[in-house]
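What follows are several structures.
Both of the next two complexes hold chain A, though its partner changes from chain B to chain C.
Up next is the complex of A and B:
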């Protein structure tokens, strides 16, 4: 069942990415102001949205663990945090590469970029915290609490460009006329394969957490027998 | 297409896929290590049961 889900998600991702890459490079024209470099947007934005979605699922999983005390919620949380972190870093680095020719700088400490930087540091701390605690239930409890705390930063990242005047471009979601309809269509449809890719990676990572748990249990049995 | 913009565009897409590939590579290595540890432990358990 899990394997079928992973294969299906990867297949959808491969087909849609191929179709979208064709549209991005061969159908859509250059942007009137930015030229060709605006094409970074089609992967930068979906990567960051998919990352934030993964952090949200991790947040829900953390609450689930604290309520039900079942380790499956912890596996869901850690898998989503790890994959979300990878996509957030990818999205941020892509944004930096876009910024160099457009702004003339790689990085600036404006509200959006700073809150995103803090977000990456928080979830890196989550990964480090997991490695510091060996007892599974204690680790799950501390990490669930930390994940809920870390998620507080996500709405700040999301709304930072609305709350403060930033160097980062203003929001394009739900803003009529902010982006050409053809470009908007590619941007939104690229979110689907990105989410499929995240879901497949999360499923693989969850399976590994379950295997690790089995491994630890077997190790305790071996130690007890010796 | 402007040459400089093309270079930056290339690196942006390269970073995107390189990041995904590196993470998938780390997952594959972790999977291999887990399987290896699991088979070793199962053998140990079997040996203990035989004794």
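Up next is the complex of A and C:
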């Protein structure tokens, strides 16, 4: 069941990425102002959205663990945090690649970039905390609490663009006429394979966590028998 | 005993212990003074420059000094299994956490109120012109730091790398509140009254405190039982 889900998710991702890559590079024209570099945004935006979605699922998983005390919720959280972190870093780096020719700088300390950087730091701290605790139940509980605290930072990331006037482009998605319909279609349809990729990676990572737990339990049993 | 009475009881106990031994308080004050001297060499600022960097300089010192205090908050309960006794007592978990947060906030505020006049003398700055809003900013930012620091101090108390892990966890979560505190402090130490733009930061500071105080109350039993 799990293998079929992973294969299906990866298949959808592969087919849609191929189709979107064809549209991005061969169908869509260069942007009137930005030239070719705007194409990075078709990956920058969906990668960050997918990362945010993963952090949200991790947050839900953390609450689930605190309520139900079942380790599956912890596996869900850690898998989503790790995958979400990778996608956030990829999204941020792509943003930097876009910013260099358009803004003339790699990085600026505006609110949204800063918040994203804080977000990455937070989830790196989550992984460090996880490594520092060896007892599975205690690790799951403490990491769940930290994950909930960390997720509170996400609305600041998400809305900071509206709270402060910044150098970051104002949100163009959702405002009619602000973005060409053909480009919008590619932007949205690139989110689907991105989320499928996240789902497949999360499923694989959860399987690793479950296997690790079983291995640890067998190892303890062997040590006790000796 | 309700949570409010428990908060006062635990805060009173912790403050009494600290005022009798003065271990962490002395360390935090001595550290802050050393930092003030070091910063004066590092920046070699005239009065005008010092006013501009005052917020950042002071809050860096307060944050580091705060970590010294927060590290001891639960660690001092470890000898003689005092922590176990505290957990086994009929005090509600939220009372224990908030009690420790109040005591940490009072101690940190004391360090801040000692640092400020010394800073004013060393750097030749009249910092008292907006003393009432400045005090409000100090209290708000210190409470945010204390309440988050106390939760994470409880999470890390059993870790071998406790002293290392606490700052790694606390600082990223604190960044939004610290940014607000730095900006507001620099503004107020410069003698300017609060205006439209700075109110937004003040609102951020208040919102931050409210959110994390409620969150701490919600997860208190999970933090301490674990």
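Everything that follows uses one rule, which is that the second predicted complex is superposed on the first by the 226 of 226 C-alpha atoms of A that agree within 3 Å, B and C clash if a C-alpha of one lies under 4 Å from a C-alpha of the other, contacts with A are read in each partner's own complex, and residues count from 1 in each chain.
What we mean here is this: a contact is a pair of C-beta atoms (placed from the backbone, for glycine too) under 8 Å apart; a residue touches a chain by one contact, two chains touch by 3 or more.
Quick caveat, the model's predicted, so the values are computed rather than measured.
Of the two partner chains placed by the overlay, neither chain B nor chain C lies in contact with A:79. When both complexes are overlaid on chain A, the residue A:205 reaches chain B alone and has no touch with chain C. Look at A:218: by the touch rule set out above, it reaches chain B but stays clear of chain C.
In the superposed pair of complexes, A:129 makes contact with chain C only, with no contact to chain B.
Shared-chain residue A:141: touches chain C; no touch with chain B. In the superposition on chain A, contact of A:100 is made with chain B only, not with chain C.
Set against each other, chain B and chain C touch different numbers of residues in chain A, with B touching more. Those residues of chain C that touch chain A in the shared complex are 148, 151-152, 155-156, 158-161, 165, 168-169, 171-173, 175-176, 179, 200, 204, 211-212, 215, 219, 222-223, 226. Only residues 66, 114-115, 118, 121-122, 125, 128-129, 132-133, 138, 141-142, 144-146, 148-150, 152-153, 156, 163-164 of chain A touch chain C when the two sit together in their complex. Taken together, the chain B residues at the contact with chain A in this complex read 1-2, 4-6, 8-9, 11-13, 15-16, 19-20, 23-24, 27, 30-31, 34-35, 37-38, 41-42, 44-45, 48.
The residues of chain A lying in touch with chain B in their complex are 30, 35-37, 39-40, 43-44, 47, 83, 86, 89-90, 93-94, 97-98, 100-101, 197, 201, 204-205, 208, 211-212, 214-215, 218-219, 221-222, 225-226.
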